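Next come two complexes built around subunit A: one with subunit B, the other with subunit C.
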Partner chain A sequence: MKRKLRDLPPALLMLVPSLALLGVWTIYPLARAIDYGHKRCDSTFRNCTDAGWDRYSQVFQSKQFQDALMVSLKLAVMTVPIGLVLGIGLAVLADKHLKGIGIFRTIFSSTVATGVAVASLVWFVLLQPQIGVLADLLSDWFPKLKNPGLLNDPDTALPAVALSSIWASLGFTFIIMMAGLQSVPRDLYESAYVDGAGSFRRFTNVTLPMLTPSILFVTVVLTTRALQSYGEIALLTQGGPQSTKATTTIPYLIYGNNSVIHNDIGTKSAAAVLLFLLCLVFAALQFRGFGKRVHYGN
Partner chain B sequence: MRTARTPHASRAARSRRVALLAAAGLLVAACSGGGDITDSGEEPATTVSTVPGDTVAPTTTVAPDLLPDCPTDALASATGTTEIMFWHGMSSTLAEELQRLADVYNSSQSKVHVTLVGESYELTIDNYLQADPANKPDLVQLPEYMVQAVVDTESTVPVGKCIEASGFDTSAFLPTALTAYSTQGMQWGMPFNVSNPVLYYNKKAFVAAGLDPNKPPQSLEELREFSQQIVDSGAATYGLALDSGFDSGGGWYVEQWVAKAEEYYVDGDNGRTNRATQVLYNNDTGVELLTYMQDMINDGLAVSVGDNATGTDDLVKIADEQQPAAMAIHTSAALGGALDLLASGIFPQLSVDDLGIGPMPGPGGQPGALIGGASLWPVNSEDPVRIAAAWDFLTYLVGAQQQSEWAATTGYIPVRTDALELDPYKTTLATDPRFSVAYEQLLASPDALTSAGPVVGPLREMRSVLAAAISAIFAGADVKTTLDAAAEQANNLIADYNARNT
Partner chain C sequence: MAYGAHVAQVRLESVTKRFGEGDDQVTAVDAVSLDIHDHEFMILLGPSGCGKSTLLRMVAGLEDPTSGDVYIGEEWVNNTQPKLRDIAMVFQSYALYPHKTVRANIEFPLKVRGVGKAERAAEAQRAADVLGLTDYMRRKPGQLSGGQRQRVALARAIVRNPAVFLMDEPLSNLDAKLRGDTRAELVDLHRRFDSTFIYVTHDQVEAMTMGSRVAVLNAGRLEQVGTPQDVYDFPASAFVAQFIGTPPMNLLPPGVLGTDDVQVGIRPEHLLLTPGGRLQATVTQIEHLGHEVLLHAESAAGRLVARLAPSAALPAMGDSVQLDADAQHMHHFDATTGVRVS
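Let's look at the complex of A and B:
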């Protein structure tokens, strides 16, 4: 006990830099947002009145928030499983000791170096109905590419955004999975082989269990990323097609240029805090859901 | 061992229960409620019909004594160079021309030096509204839909007070341009870059359809007739490209059409004699107009290019190689850029001379339009010298010579008639009459508050509400129900805005 107390001052001292950064950039803004969330303010965000804490439940239950929540959840459902499967698939493909495999590893991981903005612009140009390459090449089979364009159709806009999003985060998933694969002890494969396990059995009984920590990590990150998507939406669809607000995610409802709460810091903050809670709940659910299935080795 | 739980297991079970409860709570909450996110319990105005000339409440005027003074003579006694900051919303060609004008100003005298900071309109607005008074610029350019919202911040020096203090002569200014930035008897901002929507059309398609390429449609009947002829002859796949962007087909054009029908968009005489409390676009005129647009699309005469995320989707549709439209309604401010683009040869099937410009077709078939674009607002820095310096630069920017140069390069309309007599704009008009279309339709607008456009605090958000409705109407939704729902949401926005900002 005494020893622990003696260690406290230097420990705190060493924590100061990160605590300060966390405090200034995360804790303080969060506290301000929570406070703003129960206020009604003018357009300058300076003159506010108290609107009561039930403003949070009003915002949560509002049609706009519920619609945006559905869009965000749909986006997560579209991007997370496909992103995971593709990431694992590419990683398994590239986890071979072949000549020149490094080139493929570089290609597969290259989207890590591509920001959301760049990735979205690439897809925006590809999908553009009048001058885009995809519309030119494939519109005979998929007429929607040309008219009205995938991003302009209420049914295809969100999948098209998801496509861009999956592509953009594939590099990240690939790298984490690669690292996960490389840390699987080779002797596990060898003993499985000796026991007569075929390559499929080796994958399901050795590779996948050993990858579970990486899969959990990637699932949490990808889900949070999907719930927080803003850049793709702002560049590809601006939350549209507006008829159904088909791609207005919660972050776009909060920050979007054409949002009805654009100049309403109170409502925006309430929505942002609710989004934070949602991400928290989902991360907690995922940790619980994976539970003991996560194999951290011995 | 069966009954003894380890502490670890019970903690895990407890946190699992907590997570499940939280998830269940979210779902339960999700199933109830469903109000409007902006609904703060303020009662929106109940619907009453307002017809032009039938003012519901007595006219209110602001008391000039309560507004900040404009010490325009403070600059004369100042020593040294006064540094001022100007925030604007121009980009590309427009920003370059604005910078050139500022450079000429800076090098022409040594009393004032102005620094320009350019962003999009949206960012300029957000930055301006939310900046501390100490961090605000000395002069800011704000688009026409921001009038009420900026007035409500009480952060600017009304231009009217500067005009009065300095005896600045506004007799050459277009009355409609001035009116657009005044409410309740006060001139708030100074019009600088004025534009309005015009009809862009492909003259080659007109010829191919047997139409006169120099006679664009004026009335809605003609618009439909011409489109039919274009589609039937195969000159183009569609007659007209429509969009539902909030700053174009989904919002601004509707304000234009309502004005062309000589009706108010919001009550309080478009919010100019009294603070607006409700929208009026879900009346018969609005329903008739949007039914017409919907029919055009349903009958294959018009095509919707969607939300116009790039701002040019409708124009690009004219140049589409596979399924082009022959016409599109677009802001006149894009004319300079569009001609540059065609001259660059990026669309080989369309030359500079193939692009025709006509007045915006609309109800009544008469030319006439609301002004769009932006105005200049001197900021109340409480430093008389800086306010006077901002006013000095402002008067330079709206000078006849500068307006002539500005209009010739950009396609904006000069805010004053004497700019038309000066080169380079005089030559531009003489050699390319397409540049005069927007100016002429502005001159043709009736001198009435219906032609001044709506002034209402959350106009930007209201446009986005209407844009969503119009997007749904273009996709086939019932016109009346959709407009009614949009109007209700807009009225909520107004009630909520007025409660927060007054």
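Let's look at the complex of A and C:
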């Protein structure tokens, strides 16, 4: 006990840089947002009155929030499973010991160095009905690419945003899965091979179970990213197309220029805190749900 | 069906394995020919990097020979998949599936072969009974000790009742005590199963105590094949002479005891304190091991080790001593090639 007390001052001293960063950039803004969440303020944010803590409940039950929540969830459902499957697939392909595979590994992982803004711009150009390459090439099969354009149709705008989002996240998923694959002992594959397991069985009995820590990590990160999607929405659809709100996610509802709560700092803060809780609940559910199936080696 | 019902000899004919290309090419196994008899416990022994594991992996089908032929029974198996070779392999790391229970690990080879659930369970139980794993069937490998994991790996190998067991240093991750116990159990298992065992190790104690025969490899080449006693008593080369035996054989430079083109080797137990002996040396260290004493001495011919009885009259450190051996206990090797002359 004495020793623990003696160690406390140097321990605290060493923790100061991390605690200071966490305090300034995370805890303080969160506390301010929670505080703003139950206030009604004027446009200067200086004159605020108490709106009561049930403001959170009102915001959660409001149509705007519920609609945005559905859009965010749909985006997560579209991006997370496909992103995972593609990431694992590419990683398994790139894990083969083939000549020149390093080039493919570099290409597959390149989007990790591509910002959301760049990725969105790339897809904005690709999906342009007039000049976009995809519209030119594929409009015979998908007429909507030309008229009105995927981003301009309320039915296809969210999948188009999801496409951009999946592409942008693929490098990250690929790198994590590659790292996971490289840590699988080769003996396990060889043992399964000697025992007679074909490539599919080796994948289901060795690769997938051994990748579960990576899969859980990527699932949590991709879900959180999907729920927090803002950049691609702001750049590709501005929450639209037009007034449909087909791509107004919770972050766009909070920050977007076209948002109906654009000037309401109290409602925006409440929505932001609710989004934080939502991410927290999803992460907890994923850890709880998948936790038992995750195998961290021997 | 009884375990060990198969008959399988393994024959390697001029098997060579090279890795890499061009200047980076390395010959891991160099024209090795070896007949492993049916029901034999063959040890592949050699230092790290000598090619013994590569040789085993070629028998398993995990590596393709660059040239040469591999036969299991009468069948040429160079192009045969591992699952069709009627072999089972135990890996150094045990290679147990960490997410599966002990039962599922043992059943796995049967499951991939499409064996029905009931038969699988019965066979797994039988293998578990043989290896004393019945109480651990529901545990995962992470909940087992090293020795228990090793048993699970063995159970997974025997459950298929293969013709040939391949073992790649399966005891090297165990502590000394457990290694000793498991050595005896493996010998017992071989006796009960009466199958062909091919066992890779760099540990000469394992080789001497377990093998029906020992194949000593060095730098990809087969140096000698024989019973452990033969290999010890009549080493075919200076390398084998020094690799087998603890402490290793004293190898005297050419010309010290004999002609200039011959190296003389003397086992430590045959090097005797002999007044007037031909090897003059100064005692540098005396190790009392209880059942024996190892006397280390520095001579003009290099460092010498003599194994003495604890009751022997021992010199003191720094004393000058004379050592010699009977001619019948001297081994002669060609000074250039290292090959045994007599």
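FYI, the second predicted complex is superposed on the first by the 296 of 298 C-alpha atoms of A that agree within 3 Å, B and C clash if a C-alpha of one lies under 4 Å from a C-alpha of the other, contacts with A are read in each partner's own complex, and residues count from 1 in each chain.
In this text, a residue touches a chain if its C-beta (ideal position, glycine included) is under 8 Å from a C-beta of that chain, and two chains touch if they have at least 3 such contacts.
Predicted model only: the values in this text are computed from it and were never measured.
The superposition on subunit A brings subunit B alongside subunit C with room for both.
Within the superposed three-chain arrangement, the count of touched residues of subunit A is higher for B, of the candidates subunit B and subunit C.
Of the two partner chains placed by the overlay, only subunit B lies in contact with A:284; subunit C stays clear of it. Using the contact criterion defined above for the overlaid structures, shared-chain residue A:295 touches subunit C, although it does not reach subunit B. In the overlay built on the shared chain, the residue A:63 is in contact with subunit B alone; subunit C does not reach it.
Legend: residue contacts after superposition of the two complexes on their common chain; A:209 is shown touching subunit C, with no touch to subunit B.
Contacts of A:74 after superposition: neither subunit B nor subunit C is touched.
In the superposed three-chain arrangement, the CA centre of subunit A forms the vertex of an angle with the CA centres of subunit B and subunit C, and that angle is 160 degrees when rounded to a multiple of 10. Of the two partner chains, subunit C is the only one touched by A:188; subunit B is not. Residue contacts after overlaying the shared chain place A:41 against subunit B, while subunit C stays out of touching range.
Of the two partner chains, subunit B is the only one touched by A:237; subunit C is not.
By the touch criterion defined above, A:196 lies against subunit C but remains apart from subunit B after alignment on the C-alpha atoms of chain A. In the composite built from the two structures, the nearest CA pair linking subunit B and subunit C is 14 Å apart. Here subunit B touches subunit A in the complex through residues 12, 15-16, 18-19, 22-23, 26, 29-30, 32-40, 122, 126, 129-130, 149, 152-153, 155, 244, 246, 250, 303-307, 309, 313, 316-317, 319-320, 322-323, 457-458, 460-461, 463-465, 467-468, 471-472, 474-475, 477, 489, 493, 496, 499-501, going by the rule given at the top. Taken in their complex, subunit A has these residues touching subunit B: 40-45, 51, 57-66, 69, 130-131, 139, 146-149, 151-152, 154, 236-238, 240-245, 253, 257-264, 267, 271, 278, 281, 284-285, 288, 291.
Remark: subunit C residues 60-62, 82-83, 87-89, 91-93, 95-99, 108-109, 112-113, 141-142, 156, 160 touch subunit A in the complex. Within the complex formed with subunit C, the subunit A residues making contact are 185, 187-188, 190-198, 201, 205-206, 209-210, 212, 295, 297-298.
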